[in-house]
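In what follows, structures are represented as structure tokens.
The following pair of complexes shares a single chain, chain A, combined with chain B in the former and chain C in the latter.
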Partner chain A sequence: MSGVEGYMYPNEITLFWSVLIVLYPYITGLVAGAFILASLERIFRVEAVKPTYRLALLTALAFLLDAPLPLQLHLGHPERSPEMYFTPHSTSAMAMFGYVYLWYLMAVLVFEIWLDYRRDIVLKSQQTRGLLRLVYKIMTLGSTNISERALAIDEKAGWIVTLIGIPSAFLLHGYVGFIFGSIKANPWWSSPLMPVVFIFSAMVSGIAGVMLLYMALTKMRGQTIDMRCVDTIAMYMFYIFIIDFSLEMLDLVHRIYEADESFRSLNFMVHTKLFFSQIVVQILLGTLLPLILLFLTQVVKMSEKARKRIYTFSGIMILISVFAMRWNVVIGGQLFSKSFLGYTTYKMTLATREGLLAAIALTILPFLFLWVLLKLLPPWDHEKAHAPAAGD
Partner chain B sequence: MNLFKDAGHLFRFAGLFVIAFIAFLVIRGYVVPKSFGKYGHYRAAAIDEIAALPIKYAGHQACETCHTDIATVKGKGMHAHVNCEACHGALAAHANDPASVQPVKPDTAVLCVRCHSASAARPKNFPQIDAAEHSNGVPCETCHNPHSPAIDAGGAK
Partner chain C sequence: MNISRRHLLILLPTAAVAWKSVLAGTPEESPNYKMTEHWWGMLIDIPKCIGCGNCVRACATENNVPEGHFRTWVEQYHVTDWNLTNPEVISPDGGKEGFPAVKEDPNGKYFFVPKLCNHCADSPCTQVCPVGATFITPDGVVLVDPKYCLGCAYCVQACPYGCRYIHPEKRVADKCTLCYHRITKGLTTACCENCPTGARQLVDLKNPNDPIHEFLRTHSVQILKPQMATGAKVFYNGLDGSVR
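This part shows the complex of A and B:
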């Protein structure tokens, strides 16, 4: 049989979880990471990253709206998916996650964005005309109170929401790792470290994503990039990436030392079928290279131009690396036989429901969502309005 | 009172949640089947619906009532415990009306290898062959009697 080496059980030959299931944890990871970056400013008072605060929130929302779509395309009967909400089973991690998703979307992200933008929304509802005015009016929920006291209450409420949002973001993404980590029949997935590794890689990818977006959007608007902000983001990205890499290595060392009955089979897979995507792309090019470059920016004095180039390159490599990590987990976990005697091949289709084109469309879609959100709620108006008053 | 006035918008947002929750409960009331959860985490009425489906399998006792000769041969061979309908398919319709419903005879070249093609997952003492090498497309029944296949047991044709 083509693509099959050794012995595979009949139900293992074709992969059931496609590239869309790779995309899904990647997108939720970007959401969680972007939110953690926003919380750096809000909770941990890292003032330097303030220029990215609103952009990070909008990015998180744009990607969160896109996150369930790969799953919907994967389902044979997507119209049945609301049943997960109507008749949830308490033993189903997926059903419980449905509520986590809704909670995170509505009670955390939308609420926080609404609180932060309320002043702008009220002002826009008075300044704009036509349909846009109606949209803003609906968004005010009929309250035009932007007195100092009301805004101070918003500030406090926003702080509380962010505080609740951090564990929620961890829960949202930790669950994705939990789903894989708790599949005890699959030795490639079954590891209690899985949720933790997923969260840290999510944080790195989300931070890299927002940093790149901030740099690109600032350049497109003809503004100067706030290097203090980008330097700080890169520093946090570097530190979190070190933790992420250490955890992944810890998982690897643990597997090598434990060397259970699956080890030889998995080791062979990593050296053959996953060699390019895991060793070359994920570890060498996607992790070690950006780590070395980011380390250099921390210890060597470099020009602004050089730092910008390194940050851009490292950010892109990190995004590729985290995608490769999701790929290696999801696809890798289905390439070997549970008999440990054979391997199959993933054949990605092109123009099908779960094919390459669908994956590309679902990767582009959050940027369209973000474009609409940026038009509706520009994150930079706030800077203009507040910059002189803040006396910066 | 001032606090309520300045925090009024927060109550409006909370109101959205209340409206969404009520809408959820109303929709849930409509879409969840009435018998859901009666016995467990499923629709109880499904049991009656499944029970009402027409029976497709006759069972080997029904076959053996008429095909006594084959039952005798089969009972002495290696396939004694393989159910008739495992190879011949569901035949309740034939058992109910033997004259007008005639089953199609299985193609042994295709049927036998389902169980007997060589595979590492099968027990070592289970008869297994590489069909291309063993018979090269010749139907198995040319040499073996499917109802008692072992050649040395007198099952050969």
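This part shows the complex of A and C:
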């Protein structure tokens, strides 16, 4: 049979989780990571990253709105997906999705953004005209009091929401890792480290994504990039990436040392079918190279220009690396037989419901969402309004 | 035997009804079937399997199994003395049309292993279903409700035995039902009924008169992948250690 080496159980030859299921944990990871970056400023008082605070929240929201779409497209019967809310199966990790998603979207992200932007929204509802005015008026939810006292309450409430948001972000992405890590039938997935690895790689990708967006948008607006901010983000990205890489290597070393019955099969797969996506893209180019470069920025005095270049290159490589990691988990986990006697091939389709074009469209979509959000809730007005405070 | 005209007149309609029933495959009605009185499983007697593929064909016909997917299949193992843990396995088209003839191997052995859903008592597939569309019945059969299944394929990933697939037309999870529509009416499964050597036998573990009890006492019987702790209820007699 074409694309099959050795023996696969006959029902295993076709992969049932496609590139869209690769995209799903990637997107939720970006959400979680972006939110963690926002919380650095809000909770941990890392003032240097303040210029990215609102952008990080809007990025998280844009990607969160996109997150369920790959799943919906993948489902055989998307019209039945509300059943996960009405009759969730208590023993299923996946059944949690609806609740975790809604909790994170409504109780955390939207609420926090609303609290943070409420003053701006009220002002815009008074300053704009026509349809836009109506939109802003609806967004005020009837809460138009922007007195000092009211804003102080907003600030306090926002802090509490962010505090709740941090474990929620961990829950959102940790549970995605658990979906894979809890499948005992699949030795490539089954690992208690999986949720932790997913969380740390999510943080790295989200932070890299927001850093790149901040740099690109600032340049597009003809403004100066705040190097103190970018340096701080890059430092956090570097340290979290070290933890992420260490965890992944721990998992790998553990597998190699234990060498259980699945090892021969998995080892063969890593050296053949996953060699490029895992060894070359994920580990060498996507992890070691940016880690070395980021390490150099920490220990060697470099010009601003050189640092910017390294951050941009490292950010892009990290995003590629984390995508490759998701690919290697989701697709890699289906390429070998549960008999450990053979391997199959993933044949990605082009213009089908779960094909390449759908995946590309779903990757572009959050940027459209972000564009609308940036137009509606510009994050930089805040900078201007608080400009004198920055020098305090 | 002399049959009078009167007897013939009585027998003919009875035979006609019986023949019609056979042709239509209509099983007897069993209104007294009580789910709690049964605990179904299957016994596979590996030395008896000749790899004819009758079971695969019967299953496909009985259950309208889509082409290229299998509710049951047969594997041919070739295990050599010097490589016990790395057997050569084939299952062309699920063994539906049987297997090519093999030469005698003085240093190895050939045997067939029929596979199907293990109707696990602690099945990982039912555990992971996000809406409970797949479930175990009180009589021990793992089923999928096709009107409720989302088609997310999480159960396909969770099955350690590769017994599930997504039905290409219905777009829901599909698998062996142990011919539930038949066994609840007092019939055996299509695969068991069509096995020419009796290598497959439907067993009812709650029936004290079922010969399975005697068989389990007197034979060395195993299940597939016991380390998975799924409570599999397909029992294999003469299972080689190389089988995965």
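Note that the second predicted complex is superposed on the first by the 388 of 392 C-alpha atoms of A that agree within 3 Å, B and C clash if a C-alpha of one lies under 4 Å from a C-alpha of the other, contacts with A are read in each partner's own complex, and residues count from 1 in each chain.
Everything below uses one rule, namely that a contact is a pair of C-beta atoms (placed from the backbone, for glycine too) under 8 Å apart; a residue touches a chain by one contact, two chains touch by 3 or more.
The structure presented is a predicted model; accordingly, all values stated were derived computationally and were not measured.
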Which term applies to chain B and chain C once both are placed on chain A by superposition, clash or fit? clash
For A:186, using the defined touch cut-off, is the partner it touches chain B, chain C, both, or neither? Pick first, second, both or neither. second
Give one of first, second, both or neither to describe whether A:77 is in contact with chain B, with chain C, with both, or with none. second
First, second, both or neither for A:16, with chain B first and chain C second: second
Kindly classify A:341 by the partners it touches after superposition: chain B alone (first), chain C alone (second), both, or neither? both
Applying the document's definition of touch, where does A:7 land relative to chain B and chain C: first, second, both, or neither? both
Please name the chain, chain B or chain C, that touches the greater number of residues in chain A. C
Return first, second, both or neither, reflecting whether A:89 touches chain B, chain C, both chains, or no partner chain. both
For chain C, which of the listed stretches 7-15, 187-195, 205-213 or 223-231 runs into chain B? 187-195
Would you mind listing the overlap between the chain B footprint and the chain C footprint on chain A? 7, 9, 83, 87, 89, 339, 341
Chain A residues within the chain C interface of the complex: 7-12, 14, 16-17, 71, 74-78, 80-81, 83-84, 87-89, 91-95, 97, 179, 182-186, 333-334, 337-341
Within their complex, chain A touches chain B through residues 7, 9, 82-83, 85-87, 89, 106-107, 111, 114, 118, 140-143, 145, 147, 149-150, 153, 157, 339, 341
Which residues of chain C touch chain A in their complex? 68-70, 73, 75, 86-91, 93-94, 115, 124, 126-132, 148-154, 156-166, 170-172, 228, 244
Quick check: in the complex, which residue numbers of chain B touch chain A? 2-3, 5-10, 12-13, 16-17, 20, 24, 27-28, 31-32, 36-37, 41, 119-121
